[in-house]
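Listed after this line are the structures, all set down as structure tokens.
One chain, chain A, appears in both complexes that follow, with chain B as partner in the first and chain C in the second.
The block that comes next holds the complex of A and B.
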């Protein structure tokens, strides 16, 4: 069976004035559909870079990145944005569109699918409640704490009903209670037969994984 | 500039025969500088083009049966314009010099001038006072024969500091105010402007007589022959004397022209077949002297409308060129940040090159050099193009900074929502950058607005050039300066207000 995600000897080099930085040095990996992969390792070893390559947010300097057996690195920008629409991505920094309220941020991916506004708002409210943010769906991103932003990021990744979730340290800023809510969501998502890839230092998430890749 | 001039010399823009083209189109374009002032070419109080060269051009046109079209150009750039095919002949007090006939075709002379030394009455008795005695400061029109004479005198050891001026009457004004000790002027200027400068007097007799000639492009012998023919006829039928008399510059020396024109005793001048059927004009035109010297409010009422019209040109130049600069600058900034890697170095070079060279040089390039490559854009187009290209470099740097000031996460967030890069730029990044860049962009617009004054080098007469021309011909510099400054302020201040509104509006969005 074709792996859901695959890399073959993928390298990513960042050029800078002070010299080249090899963020990722020849990684080969295959993630089957429905797997739960935990990527671990010390900071600065390329966990975030790997997720960016798998999520079609960045292109490899050399080597291959495949999604469903199709090359992503050399694909056209429209093709890559179609792939991104099939994925839920949780960033470490949880960037949001600051001028839109939370509920718009969470369900923005549904706009092109023609989901009506009232439906989107209802869905956003439910998702935000699942991550413990109640009654604040009209708030602006700037009113949130770091931990709250991270949870909104998880809710947003789930909104479009993606076939896989790529999450970068989704529990790092959370206390035990809220972290458990996020872990539960990811476990539930995985239990429905879909793929989860997390970069994490969290032993709870690591324990949940079916596979672990250690970088560095 | 010298390099550019050499490049211009290397080839000739227009290979065909100018005379044939003139006959075909019925138009001959002659170049002169209004800023040179009376009695050559100047605007009178009613904004009409006047001057003995204007009348001469008209008389020649009547004889040749061709319309003579005046083209404004900076005096010392007229030969460049000739080579770049912006004009067909130069007719503007250009002296016959051996250097010039190497590069251009000269006609027979149309005026015999000499150089008159002028000083404040009672300060200098003779030329000897310049050669010996204390150090003195003298001024002349830069690049003119008078300038050459003074420079030579200084080289021979006279204790002189020689200053070059862009306009004729500036030097006379500075002698009057005491900034200069003396000025050397062509006799027509000295006599025409004498009423304006009652404090100045001639020192000694006129010296170094010479000839004003018309210059045509190298190889345009047929045009030159036709022009010479016209001169001969106009001299014979008394038209020349009538024209010069009108401006008070007919002198006994002009009789020399008879000898030269009748015998053809002039370098390479071929006596053309003459037709006595020259068009005569009625000698009813009155005498033209320099207008009375106005001061104070009279200056505003007399010349105000001329300045306001020129301000319109300034506004038009700004309003057309700036949107072009904004659009180009935005594309360059996006290309440099998000474009393919191979595109970035050439774009960086574009920006650095344009920021690192003066706007004036770029305008020269567009106006004088592009015709060499077969691209002949009218002066107004050149000005717009030059301004737009120059400012696009500055704009692109502003947008680059603005886009980079939008947190990187915004792009990632947009991408992770499934937007394409282009949509993310359009919907997320550029709107946020817009708010950041409004103040510097408005700042740039005001700068461009004032930089339009540089366009006078490509023959555009906008507000500053009009001020300069008027102050040459009227000497009411202070009043004109105040009026010009007020007009600029009146136009740029509303921009600042609009900018503040815009900022507030974007803040709210």
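The block that comes next holds the complex of A and C.
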């Protein structure tokens, strides 16, 4: 059976003024559909870079990154965009479009799919409630704390009903109670038979994973 | 379609999301478009006013040439012209320039026989000049303002005449909402104008009205006329001088014989100009002024293009992050570009609309202060009279298209660069 995600000897080298930085060095892995993979390891060992490659956010310098058996590294940009539409990505820095209301931010991935505004607003409200942000769907990102931004990021990743979630430290900025809510969401998502890949230092998430990949 | 509408809506929202970028771009657009829209509005308004004047004027104008240059025509020609089949009416007119007041303000003197005042010139504060009274003047509103004078005021002699200078009386002032042609005008009887210019027995033009359908025949007949005789002697090659028409002085009347002999010129070659000829000349004159303005405008515009492009690309790092985030969440590059294009479209539309609105205020409420003088020689920086203008759709549309092209160039390039980069790199 074709793995959902696969890397074969994938390398990613960043060029800088001080010399090349080898962020990922010959990683090979296969993640089956419906798996829960926790990527762990000290900071700076390439967890975020690996997630970026798997999420078609970046291309490997060498080696292969496959999604459903298709090479993402050599794929065209429209094809990579179509792959990203099937994924929900939680970013560590929780980037958002500033000054745009939370409900718009959460459902921004649905805009190119032509989902009506009223439907988007209803969905965003429900997702925000699920991550513990109640009655603030019209608030602006600037008004949120780091933890709240993180939760909005999780809600956005879930908005398009993706077939896999790639989450980069989804509980790092959260208090225990909120972190548990996010963990519960990921567990629920995984329980529906979909793939979860998280880069984390959180032992709770590690314990939840069906498989752990330790980098470094 | 729903998808396009949804993306377009986000483009509209993006205008409000970036007030600094949108505001700066709008400001640049308005700075560029406003003079263009206002100037083309004045040019078109003047063309309309000229068109109206030509329509209200005579069917045919007879003027004179001497040494190949414009010369007055003798009044003797009036009777000759009147005998041409198809001519319904003919009367003389004097149009000349004088300088008034201590500041030597230029003014155009127009003299017509008392019974021939056009309807459009009847709207005056005070009254029109009386048929038999000498040196009664009706002034244009702008001229009266600049001379600080009004109805009932007297103007000391401002000309030299062999028959003696007289004090003139202002009996009327044109209402200021009349066409600007009357703004720097001194309107008076034909006799007064002849006296002011010391040109008895001459007119600058004869105005001919034709019977319906006879105009071409009249023109052909007038062009076959031999040059008229000398204005004061009647010994030239033209027909003998008839008695002066009623209400007009006899030729040479009041002139010392020696002076008349000394001023005796050769025959004048008649020049016949039809209303159609004037219509044909009108666009050429307006295009010349418009062309001069547009050359200057294009140079200024070219200098502003880089500024506008920089302004449109303001907040480049923010735009880069937004585009990367959109790409990371599944937007296609063309969808990101479409959003940016809608944003540019809205800004251009706003810029063009604001420019048209401000141009209207500038021309209507401020009388085109600062720009009317480009098209109206003699007008001051603050004309003080309603400058005719027409804000047509073509300049507004052209302004919008040019704005859109420039704003798009500034926006789309930076967005395309951001949208084609790896999202992970842009979001780091």
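Note that in this section the second predicted complex is superposed on the first by the 216 of 216 C-alpha atoms of A that agree within 3 Å, B and C clash if a C-alpha of one lies under 4 Å from a C-alpha of the other, contacts with A are read in each partner's own complex, and residues count from 1 in each chain.
The criterion applied here is as follows: a contact is a pair of C-beta atoms (placed from the backbone, for glycine too) under 8 Å apart; a residue touches a chain by one contact, two chains touch by 3 or more.
All values reported here derive from a predicted model rather than from experimental measurement.
> After the overlay on chain A, what do you see for chain B versus chain C, clash or fit?
They clash.
> Is A:140 touching the first partner chain B, the second partner chain C, both, or neither of them?
After superposition on chain A, A:140 lies in contact with neither partner.
> With both complexes superposed on chain A, which partner does A:201 reach: first (chain B), second (chain C), both or neither?
Neither partner.
> Just to be sure I read the superposition right, which of the two partners does A:8 touch: chain B = first, chain C = second, or both, or neither?
After superposing on A, A:8 lies clear of both chain B and chain C.
> Just chain B (first), just chain C (second), both, or neither: which does A:130 touch?
So A:130 meets neither chain B nor chain C here.
> For chain A, which side has the bigger count of touched residues, chain B or chain C?
Ranking chain B and chain C by residues of chain A touched puts C first.
> Does chain B (first) or chain C (second) touch A:109, or do both, or does neither?
both
> Output check: A:121 vs chain B and chain C. Expected answer is one of first, second, both, neither. What do you get?
It touches nothing on chain B or chain C.
> Under the stated touch criterion, which partner chain does A:33 make contact with: chain B (first), chain C (second), both, or neither?
In the superposition, A:33 touches no partner, neither chain B nor chain C.
> Looking at 81-89, 297-305 or 315-323, which bit of chain B clashes with chain C?
315-323
> Show which residues of chain A both chain B and chain C reach, each in its own complex.
Residues common to the chain A contacts of chain C and of chain B are 55, 57, 77-78, 81, 84-85, 87, 89, 91, 93, 95-99, 108-109, 112, 156, 160, listed in rising order.
> Could you list, by residue number, the parts of chain A that touch chain B in their complex?
Chain A residues touching chain B: 55, 57, 77-78, 81, 84-85, 87, 89, 91, 93, 95-99, 108-109, 112, 156-157, 160.
> For a test of understanding, state which residues of chain B touch chain A in their complex under the given definition.
For this pair, the touching residues of chain B are 407, 409-410, 412-422, 428, 509.
> Can you name the residues of chain A that touch chain C in the complex?
Spelled out, the residues of chain A in touch with chain C are 49, 52, 55, 57-59, 77-78, 81-82, 84-85, 87, 89, 91, 93, 95-100, 104, 108-109, 111-117, 156, 160.
> Using the touch definition from the top, list the residues of chain C that touch chain A in their complex.
Going through chain C, the ones touching chain A are 2-3, 5-7, 9-10, 13, 17, 318, 321-322, 324-333, 335, 420, 422-425, 427.
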